[in-house]
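Please go over the structures that come below.
Two complexes, one shared chain (chain A), two partners (chain B, chain C).
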Partner chain A sequence: MKLRNLTALAATTALCAPLAFAADMADEMTIVSWGGAYSNSQIKAYSEPYAEKTGVTIINDESSAEAVAKLRAMNEAGNVTWDVVDVVAADAMRLCDEGLAMEIDPDEHLAAAPDGTSAEDDFGDLLVSDCFIPQIVYSTTFGYRTDLVGDTPPSKICDVFDLEAYPGKRALEKRPINNMEWALLCDGVAKEDVYDVLETEEGQEQALAKLDTIKDSVIWWSAGADTPQLLADGEVVMGSTYNGRLFSVIEEQKQPVAMLWDAQVFDLDGWIIPAGLSDERKARALDYIYFATDTQRLADQAKYISYGPARASSAPLVGQHAELGIDMAPHMPTDPNNAQNTFLYNYEFWADYRDDIDAKFQAWLAK
Partner chain B sequence: MSDTTQSGPVLAADGTPLKRSLARALRMQKVRALMLIAPLLIFILLTFILPIADMLFRSVENRIVSDTLSETVVTLRDWDPITGEAPDEAVFESLYYDMFVAAEAKEHTKLGTRLNYEQTGISSLFRSSGRKLDDIGEDHVKALEKAGDGALKDEALWFEIMTGGSSGAGDSALLEAQRTKMAQLTGEDFSADIGFVPGAEISDLFPRMAMAYTDFALFTAVMDEDTVSEEDPWETVFVAFAQEVQAPGGAEKLAAYTGPGAAELTAAAEALAGLEPVSFKASFLDLDEDWGDVGNWRTIQTYSPTYTSGYFLNSIDMQKGTDGAEARPENQQIYITLFKRTMFMSLVITASCIVLGYPVAWILANLPTRSANLLMILVLLPFWTSLLVRTSAWKVMLQQQGVINDVLVWLGLVADDARLVMINNQFGTIVAMTHILLPFMILPMYSVMQTINPTYLRAAKSLGATNWTAFWRVYFPQSVPGIGAGSILVFILSIGYYITPEIVGGTKGVFISNRIAYHISSSLNWGLAAALGTILLAVVLLLYWAYDKIVGIDNVKLG
Partner chain C sequence: MALTPVENQTPAFTASVAAGAGALFGLFVGTAQGSGLLGLLAGAVLLGAMGFVFTGLIAQARLIRLATVVVFALAGLAFGGLPALVLGALFGLFAGWFIFWLATSGYRKHLVPYLTPGQVLWHYGFRVICGAIFVFLITPILVVMPLSFNAEDFFTFTPEMLRFDPAGYSLKHYRDFLTNEGWQQALWNSLRIAPMATVLSVGFGTLAAIGLSQPHVPFRRAIMAVLISPMIVPLIISAAGMYFFYSRIGLQGTYLGVVLAHAALGIPFVIITVTATLVGFDHSLTRAAANMGAGPITTFFRVQMPLILPGVISGGLFAFITSFDEVVVVLFVGSAGQKTLPWQMFIGLREQISPTILAVATILVGISICLLTTVELLRRRSERLRGMSPS
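Moving on to the complex of A and B:
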């Protein structure tokens, strides 16, 4: 009896040991992001310190632009190979709706602020989806060529629609989001009514009619790098793009370009964890997220790119650019001087109206 | 000699009839040949044919509506949208129970996304309603939970009630029906033993409650991997009890019930005395007034069937209206335009490839080998360069501040403020794609021209033909198979081209494939993308067939 008990015990321990190890965390992970300077800032601020701390091997993938479609395909194939994915908030909401991203409880899985404020309060309103942990606030805004706009540089969003004062081509994104809002705003619609108007058939017509006035002078872009290039080449006098791209044109490449912050549209970018990961991979992904979204880490990212950290507690910690040595705070879209007139991307509205308005927008473009 | 006189079939050496023996040998050969190509065949089947077939199948598949709202679509069948009224209470009742399970399984938002392609606003309607479903019958649930000092908050008692105790007979038909429903809803396997069978008595008296509890039991055991008797039942069970006991005749049914927990249920029913019966319709309208919108319900009804022609209608700028198919509003029509444009531009690109490629192929075929090889490398060089690089290079060349415009301005041919617009339009797409696809035209032409015997031309000339006649009457007809092969290659490639039009096409130079890519990767409307792809495939096959009829596919040579 005794002997049998002993062997049983030994067998249990032998079985438990690998189990205990398996319940631990995976030692390799794939992080998906946008590539370019943005991925670089994440690698410097999050991944390198994390790998140093834990010894985990991190594989970087640059597929965020197709993340939703790819995750859906992976999920259907039953083989999700990504562990942590960087997506914009609208995509995170869709992934959550489709059941492709895991729900994350901020207070359970994220670090509290240094002063003890809970993660949920620290992120505040920016937690726009149950599956989404915001990381940065970026904005879509305009940049213009200082040498091509004459003596009075554009200062209002409506200058984009003013072909007389500012002749020349403009670069706009080839999708209705943002453009429709700006058009209405410059067609006399009050800021708080924009979405009420845009809900209606007539409102959509009105926005397209306003865009029609500059249609012949627009170059439509689809990749974030297009506008900086068009500005640098002098192909356009002004164009919309993400503020970080403009920062690098202005400060890193020293092109004669300046920012037009008026009516910039805030949007969020952050992490999701795909649904259906094995326990050890999930544990690793959560551990990474915990590390990468704490107050200091989010502030660190701003050393490499001019996007505002999503935590309220990170803002005071934003310092200087790692290589250029300039103060980053004035380049943040959230800086009070820049954020005098802003929009917040209306996720609910566009989740509903995106397909409908996009069909009309594309039909209008093709005309 | 005796052999020849013998009647009957000719025999092989081993005595079997020669005919059969031959057939067997041939069959063996065929099988062996098949086995040799089997790896390739299986590979192509698995990695090419099947995925494409699966993708194309999505253009008609529409299971999601009936899988998610399995009961609602049945009760909704009798509703007539012409009345202009939202459906009646029975439909909303089905909707509540369907939605609750779907929300637990997180399937309702998927359905919302799907239906939002057809009717704007359904996405958020489903998302927000799924979140607030607990509001429905909230007072009843609270009253029931409070009744008899919280007697009904006992999960073990519920389990007892719903199984009908150890002696009662089970209603396994209900269990099987709910198994199938849950499996369709979640796509998971629900065949496992869940340690629960609904009691026949309770399911007979209170069918809705038994159904709700069975759903809960299945979900708890299979999806959450918990023990049914240890978990609190869903709100739907309470709401169903309240609904059934407050319905006409409900009190009598309860009085007739003698199974486990009869006393507790009776006490609970008394607690409901002061409350109005649950009205699902009113509750849903409270959650969101859009549930009263006839358009939303019409969409759900129209897209109830398992298969739909909706995606195909959409891809030819039509939609399912109240009386069958109708044209979309003019400001949403785009696909027919894009199909036509894709065809037209592909033809132009093919034509310009022929015009530019023919002389090059001719020179290649007629130069001495050494110089021909050098030229050949120049033709192939673009093949070794990334497509993106070549396309971006055209951008640098063609844009208004680009190389060509700069040169023209420097030469004084074009004024500085009137630079030519050569990119972000059809012209840009045609130029860039002609350049990229040119090798596909030159190579087949070259290999056909190489086989043309030069003595024919000389013979024609020695018989008095002019250069032109000799070329046109003797050389050109022999080179037609090369043109045919090159044209088919270039045309089919350009019809499906995507990245170059996206970069240099602007708004007027994009193809249908750009919309397909958009629906695959951005809007996630894979059904529509599949329908557009199917139409494109059909058009290509049709053109191929027409080509075969007119020119003859035997007339195509790759070498």
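Moving on to the complex of A and C:
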């Protein structure tokens, strides 16, 4: 009896071995991203070529906005259904700290640059977390209606706070991040001191007091699509949003809007792989990320959306927009002309102070 | 025709009531143009003056009304082009009619003679309030429809649209809906999930309603309360509960899981409508059928089912709409593979404000109107049948 069982087992193993090898990687995967034009750019640049190459079925989910909450729930329910998730760096850090994302060694799992530079050096400082593979650099910056600002269009961030020169509504994001920095910057604080000042109670009061001067003229947004809609409507004179959205409004939708790049805030967006995947799915997810983050593919994404590739080696390969045929390089937030005065999202500061300042900001909003 | 003999009113009366109406219109127009108070005053003065003058000219009513229409239409044209011309003409038509209706006491003509002025005022005030509520309810839906034909990718009435320029309109958002893979997948998912969930809801709901209408079933009220609870418990709580439960038994993120969840949401509607029809159902009919040798199953399909069918169908339609419109539960229980239309609309609104959503909304409103019309026709038929059945 036992012997027969063993033989049967051996036979099955022998039969299944080639199958098991073929099934080394899952043949279906769920990729989570932000939706809209951004997801489209990833589908065009990464997912379609990858599916063509490997025959894998890719399901696109558009839930990145609630990625942290959903991954927590999935983990709790013991049923992780996502394979690769696109998140902003701050979310990736939280997921990594909570053990919800797996650590990825860039040199082991990512392609080297064509000239042989290792992946770790190619991404450089942008590898802000052990679990996070950066993909693009985007910025939060301002756009303004060219027909509503008179003869001298705004050129400095402080024009946002100047209600006399530029009367009308402004759209600002409904959170303290970025707004507090801009407020301090325009209240006479030097750029290098901004976070030292913002650490203190008085500094936070100072920033809120500056925001108070325009509070009645602010429309607060919470989704990236809000400001483009408000600008197109002429509801606001100027508003902050992600630079790719403004590119779409200006170049694709041909609205009378222009960019105000001054004091734009860089942030990173990239991939994580949830912890706790089965071996096959993990192998598939890693294979996808290897494919999607090589030098050429990252440059390819810039054909569809104006976000800067995270690899240093991709920058020279950025070409023209796939449909409009315009050069994309001048529309990148990292282009030298646009990046004369920039911030990089201060992950450490906001990780420490976010809850505290958030509470103050919300209380101030409700006043 | 006329119930009450009437005589013409004094200019002062006509002027003051017309001024009131003018103030109301002026308030709307003025608010849209920036100053509500100014509009209110201007409207009151304009219509008040017209009311005062027109009262003395009742003999030439027809001519004056025509002149009013033309003057307002031209004023509209001068102000804001073609659309304002149409609006101006409509307003002129209304103003002319309204003033002479007041001046000749037309408002009293068709009411019974013994009403006090207060009762007459209430008679019309009630109708105005009802109309205002109706407008309040329907306007958001009506605004969406023309916007869905927008030629631009924003929720904005462009100047071209307001000029009725054909270049401002396009079917591109409908085309996007019909060709975009994401929307098509969502549509097919909805069409696969909703009918299946409806079939389950109708089957279980009808059986439960029939069972619970039997007087000898113990704890009827308690069981009914449990079955109806998905309608009363906040959706988000059901959804979170289902998420964790379905995850444990492997149903989360599957087609079957979403169908079962939606069926659970639809069952209460079926139970309620079928129970309501069963109230009018005469149980001696089943006894008569049994008396003639029909088994319970034959009795059900040949006697009971045809009589309660309107309730079953309207319950089924509500279950269908519930599943078709549901977004919270599917966000929890489903995964991207089960993305339904409301899911896609929800995501679309958050990430990109695309008028494709409006095109889909317009289509869905059309479908809902068709379904609700069907329900209403069935309800009438059921009432007719019940009136005929012996009781």
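Note that the second predicted complex is superposed on the first by the 347 of 367 C-alpha atoms of A that agree within 3 Å, B and C clash if a C-alpha of one lies under 4 Å from a C-alpha of the other, contacts with A are read in each partner's own complex, and residues count from 1 in each chain.
Going forward, a contact is a pair of C-beta atoms (placed from the backbone, for glycine too) under 8 Å apart; a residue touches a chain by one contact, two chains touch by 3 or more.
It should be emphasised that the depicted structure is a prediction, and the values quoted were computed from it without experimental measurement.
Engineer: In the superposition on chain A, see if there is space for chain B and chain C together, and answer fit or clash.
Structural biologist: With chain A as the common anchor, chain B and chain C collide in the superposed model.
Engineer: Which of the two partners, first being chain B and second being chain C, lies in contact with A:K360: first, second, both, or neither?
Structural biologist: In the superposition, A:K360 contacts chain B only.
Engineer: Please indicate which partner A:I59 is in contact with in the superposed arrangement: first for chain B, second for chain C, both, or neither.
Structural biologist: Touch partner of A:I59: chain C, not chain B.
Engineer: In the overlaid three-chain picture, which partner chain does A:N79 touch, first (chain B) or second (chain C), both, or neither?
Structural biologist: In the superposed model, A:N79 contacts chain C only, not chain B.
Engineer: Given the touch rule stated above, what does A:I214 touch, chain B (first), chain C (second), both, or neither?
Structural biologist: In the superposition, A:I214 touches no partner, neither chain B nor chain C.
Engineer: Output check: A:G35 vs chain B and chain C. Expected answer is one of first, second, both, neither. What do you get?
Structural biologist: second
Engineer: Touching A:A339 in the superposition: chain B (first), chain C (second), both, neither?
Structural biologist: neither
Engineer: Tell me which partner A:A69 touches in the superposition: chain B (first), chain C (second), both or neither.
Structural biologist: After superposing on A, A:A69 lies in contact with chain B but is clear of chain C.
Engineer: Using the touch definition from the top, say if A:D233 reaches chain B (first), chain C (second), both or neither.
Structural biologist: both
Engineer: Which partner chains sit in contact with A:A322 here, chain B, chain C, both or neither? Use first/second/both/neither.
Structural biologist: neither
Engineer: Taking the two structures together, which residues of chain A meet both chain B and chain C?
Structural biologist: Looking at chain A, the two contact sets intersect at 65, 233.
Engineer: In the complex of these two chains, what residues of chain B are touching chain A?
Structural biologist: 106-107, 109-110, 112-113, 116-117, 120-124, 127, 331-334, 337-338, 399-402, 424, 502, 506-508, 510, 515, 520-525
Engineer: So in the complex, the part of chain A that touches chain B is made up of which residues?
Structural biologist: 65-66, 68-69, 72, 94, 96-99, 169, 174, 205, 219-220, 222, 233-235, 348, 351-356, 358-360, 362-366
Engineer: Please name which positions on chain C make contact with chain A in the complex.
Structural biologist: Touch residues, chain C against chain A: 152-156, 182, 243-244, 247-248, 250, 252-253, 335-337, 339, 347-353.
Engineer: Under the definition above, what is the set of chain A residues touching chain C in their complex?
Structural biologist: So the residues of chain A in touch with chain C come to 30, 32, 34-38, 59-63, 65, 73-74, 76-79, 81, 223-226, 228-229, 232-233, 253.
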